[in-house]
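Working notes, structure below.
A, B, C and D label the chains in the order they appear, each numbered from 1.
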Amino acid sequence: MNNKKIKVGIVGANGYAGAEVLRLISAHPNTELVAVTSRAHLGKRVSDVFPALPCSLVFTDMSDKALKSCDVVFTALPQTAGAGLVGELIDAGVRVVDLSADYRFDDVAVYERVYNVTHPRPDLNAISVYGLCEVNRDSIRAAKLVANPGCYVTSVLLPMLPLCRNDLASDIIADSKSGVSGAGRKSDEAYSFCTLDENFKAYGVFNHRHAPEMSEKLGTNILFTPHLLPIKRGILSTVYFTVKDADEALNTLKSAYGGEPFVSYSDALPEISFVAHTNRCMFSARFDGNRGIIVSVIDNLLKGAAGQAVQNMNIMFGLNETAGLPLYAPI
Amino acid sequence: MNNKKIKVGIVGANGYAGAEVLRLISAHPNTELVAVTSRAHLGKRVSDVFPALPCSLVFTDMSDKALKSCDVVFTALPQTAGAGLVGELIDAGVRVVDLSADYRFDDVAVYERVYNVTHPRPDLNAISVYGLCEVNRDSIRAAKLVANPGCYVTSVLLPMLPLCRNDLASDIIADSKSGVSGAGRKSDEAYSFCTLDENFKAYGVFNHRHAPEMSEKLGTNILFTPHLLPIKRGILSTVYFTVKDADEALNTLKSAYGGEPFVSYSDALPEISFVAHTNRCMFSARFDGNRGIIVSVIDNLLKGAAGQAVQNMNIMFGLNETAGLPLYAPI
Amino acid sequence: MNNKKIKVGIVGANGYAGAEVLRLISAHPNTELVAVTSRAHLGKRVSDVFPALPCSLVFTDMSDKALKSCDVVFTALPQTAGAGLVGELIDAGVRVVDLSADYRFDDVAVYERVYNVTHPRPDLNAISVYGLCEVNRDSIRAAKLVANPGCYVTSVLLPMLPLCRNDLASDIIADSKSGVSGAGRKSDEAYSFCTLDENFKAYGVFNHRHAPEMSEKLGTNILFTPHLLPIKRGILSTVYFTVKDADEALNTLKSAYGGEPFVSYSDALPEISFVAHTNRCMFSARFDGNRGIIVSVIDNLLKGAAGQAVQNMNIMFGLNETAGLPLYAPI
Amino acid sequence: MNNKKIKVGIVGANGYAGAEVLRLISAHPNTELVAVTSRAHLGKRVSDVFPALPCSLVFTDMSDKALKSCDVVFTALPQTAGAGLVGELIDAGVRVVDLSADYRFDDVAVYERVYNVTHPRPDLNAISVYGLCEVNRDSIRAAKLVANPGCYVTSVLLPMLPLCRNDLASDIIADSKSGVSGAGRKSDEAYSFCTLDENFKAYGVFNHRHAPEMSEKLGTNILFTPHLLPIKRGILSTVYFTVKDADEALNTLKSAYGGEPFVSYSDALPEISFVAHTNRCMFSARFDGNRGIIVSVIDNLLKGAAGQAVQNMNIMFGLNETAGLPLYAPI
């Protein structure tokens, strides 16, 4: 790590994930923000659109040539919308952390079925690295293109991968609950304060798009039900499974992320407030006979999106992996 | 009061105030709901649109002839939109409780300036009665057309009218805070959960439309600032004023609503939770020299809108004034 | 049903469930509240303790002789604390609806193990009726002592009993989420606003006391995990199970509560806001192969406690079963 | 600024303000945390008490000798409780930022009357500097003892001092609304989730202890009413006043904090979400004739407490004033 600042671009900074990348990068000690795009806010000063972000840059759009002068660009666009640009950036030697689902799947056919699209760049998919930092760190280091994992997916994979890779868990059901920011910036009565405050609901039963992403990475089909919490940020996943050997499972979970700053086993059941506004994942397990239950928490916008994206950047550029990433949760 | 049920129509039942009238009338012991209109939901069953309201009626629109067979119709439409219908209903002998601002002002010119419209029916305005129940009960009893007061206005007038009518208060500033339902049903990012949760803001500084309504009824110009609370329902108004005689003012406030079921002086400072989900208004006063402060609370959708509208109906038809109106606040 | 008012007593009206019974009975058209007890507030006027409940009665304690002149007494006390009184009331010919867990279990030994107590009155347990209204209506009608079901339990039993009684579901996991009022009135940092707002957590994993109650009534062991939602009221249970015949299961669920005013199958996934502040239970089911998922919602203080208690009273005294019980949910 | 880390101690880290200092210092690039005390948690590891703060230090108590080896100690104790220790630290050459009210008043007699205590160390009061950073920066630089301002006070002084010092405002009323963390860590039903959620109330009418602090610093008596918002953090103050010259007042406000990173005039009305989780203060003004209204927002735990305390430390030790302090508000 030297003192030269990494030049960063952010594409799609109007959405919550993009805006959160912007917030993190603005305060990051090793980066210089050189371009930030939003079609909706083209030509406006960031701080005029987002008074909470005192940044004097002006929003450009995807044609902004400065993007190609960046060391890394974060793309936070809807499915397939960023494909052309990602290709151009990679061709120009710019490394990319993509926050969409475009490059997350090993099996392009699954992606196409789940998202009901034709994959825009199967060739790029072939070189992309799945950016689950603690699991794929070595591949991320050298990656040209990192596919940032889904938020629900991150909360489930981090505790379950060590179990599944050791064939310790089966019949997995993930009952997950997310804060509202997970749905993105919305002008829709369904996401209005009066609809969601003091409310709670399930959605996407049997058909949420994060289920196939989890299943592919775990190597086994899992049943996943998301719910909407009346909070701004945070995910808690309660994962039920049949355990082969409870003691071995517990040991595996406790040792899986030994020295990791952001991921840790907790003896106490973790709550969303333990990790909200941080890049951490905490999880705990309980066993009764052959039944296992894991409770896992993350901040959906940080470890579940923008935070993990910045962590990926830190890894890609040999920075301190915790640089610019919050570890301590506020009250 | 006899056993014959009052036939009721509701026009504009999609908005929060209209839907709340629908909820109250559905559970009212002395009414029969015969027509409920919503242009947006024309032809749909109420319970299919609002699963929270298990009502098997089908939404019609303003042309529904059944409206003219009603004893009373509640009109809950945007400014001027209901004027034609209100006229027809009155002509047909149907009594009307109007929840818009159309008929609230004594001075039509003030209404036209504040709402930036031409008054559609100044003739109806001349016969309308301002439906502040405890204050205008006798006129309401015989009224053909009742203009239901504004929500903020109700919270301020109930404590301040007794003072102003006795010339006990001057230099009045009302700093009011309202739950989000006061803004109506909205598909707008400004009213999204993520925008408003854990947030609070002032708006309409020096130019909110409820200020002239308060000023006209109090007979003195008052300064009014509304704020948006991250709660679904309820208004708390903190009213500052110069008091001429604190003892007399306190006595006036304590005795003003002696036997009233819904309006009462409270020795303790009232909180929104004391009256949320009820038709009550509670207020308390504190004095220090010639400075007076009143804290007043209501539920904006009940005493501030639908509840007062039903109370007006109860008065108009000689029913028990508390019929169908909640008095006891839930936890 | 005649016009004579049922004389009602409430023991333990300081807790949320007891206070909610007090609120419902105060507004009930067929009852007269004659005694309300709270050791903590002995001698104080109800409305002085609870400004939200404008009731002029004075709190007495369990020795209040007026309790024995009641037609029915609601007892809402901690486990075993009400046993002596319940016995005396039953002996005096007063019918009792008990909101504790004391008389809920068929098997006294299970109760004693789960609550870690000696059952104070196994003889009364033998004559008590489990007050799940829609399921046990006939027995409730004649009951001297009704054991009001647990809140989580009600949300799970109503949809699952029809399936389990027809042997259509197995391997049941109930992942339930409750509003904070379910924990009762608390002076404890763990239930403070700053601890729970914007937070969410699991608790009681593998050892919550409602699991054995569910298991006994369903006739099969179920796995149950409760969670704490940052809302005041409402429960949503997501129930996972293996289904024997999905079509038959769906038909069974749709027809199970045909004419019931409070319990209904919903095609759309029900949300807590559909039933909050009402006595309703709504549920919906989804199937995928041999996997079934049911989403069920109630208001924990109404259908999950005080509302069902009053419904039990309505049944016991031949009143209209919906009398005094809210059907329509507010915004 | 060199690379040597400032040695920091925190006394009273169990309270919200102290815990927030701990959080900030843990992530501060120029400090080394050497001692953290809490009588309640003596001997426990910080992260075992606060899972949200992954810090391996062990709580000591006020007798911890390491405190005297610090460069600076933050004392966050109840009134008068820290006086003995503060004196010892100052004598030992340790600089102190005190978050209590002990050293905030110029006039000791006012302090003694307001807090109903005898001032423990009037001699230290005489050398303390009032730590309103942007206003007293030069004195803070050399201060041995900095008295960190009250939260409400900071929100009012920052916009009003420039006006009052130029005699531009009179008849000041501050109607302030605070998040619940302002009340500190509480085990009290009055601060429980069920009491405060969906609620709002005024308190301390005519007698809150921050009013005399504001009045002393502004040099004029002001009327102040605090209210409790159902949010975790943030203060919004709506300040009413008579303005002598609106144009001059507006110019004064716009130019008062020109180059400041944390304090700024905003053309749009600022909302709490613009500054929550940051160390900023934003304010805006509106005028109508001789009436002026200012809306001012801060995060009560940051600019209103721990953030300003750390900013004071930064100034005292010649660090970058923004070091370790968040500028960008999250969604």
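We adopt the following convention: a residue touches a chain if its C-beta (ideal position, glycine included) is under 8 Å from a C-beta of that chain, and two chains touch if they have at least 3 such contacts.
Because the structure is predicted, anything quoted here is derived from the model rather than measured.
Engineer: By the contact definition above, name the pair with the higher C-beta contact count: C-D or A-D.
Structural biologist: Most contacts of the two pairs: A-D.
Engineer: Report same or different for the chain B and chain C interface, where same means the shared residue numbers exceed half of all residue numbers found there.
Structural biologist: same
Engineer: Suppose chain centres are the mean of their C-alpha atoms. Which chain sits farthest from chain D?
Structural biologist: Chain C.
Engineer: In angstrom, rounded to a whole number, how far apart do the mean CA points of chain A and chain C lie?
Structural biologist: 40
Engineer: What whole-number Å value describes the gap between the mean CA coordinates of chain A and chain D?
Structural biologist: Whole-Å distance between the two chain centres: 35.
Engineer: Would you mind pulling out the distance in Å between where the CA atoms of chain C average out and where those of chain D do?
Structural biologist: Centre separation, chain C to chain D: 46 Å.
Engineer: Pull out every residue in chain C that's touching 2 or more other chains.
Structural biologist: Residues 16, 181, 194-195, 198, 230-233, 270-271, 273, 331 of chain C each touch two or more of the other chains.
Engineer: Taking the touch rule as given, give the residues of chain B at its contact with chain C in the complex, in rising order.
Structural biologist: Interface residues on chain B, with respect to chain C: 16, 19-20, 23, 26-27, 29, 51-55, 181, 198, 232-233, 264, 266, 268, 270-271, 273-275, 277-278, 280, 282, 301, 326-331.
Engineer: Please output the residues of chain C touching chain D within their complex, sorted ascending.
Structural biologist: 16, 180-181, 185-189, 191-198, 230-232
Engineer: Where on chain A does chain C make contact in their complex?
Structural biologist: Residues 173, 175, 177, 179, 194-195, 198-203, 205-206, 223, 225, 227, 229-234, 236, 238, 240, 269-273, 276, 286, 288, 291, 293, 295, 331 of chain A touch chain C in their complex.
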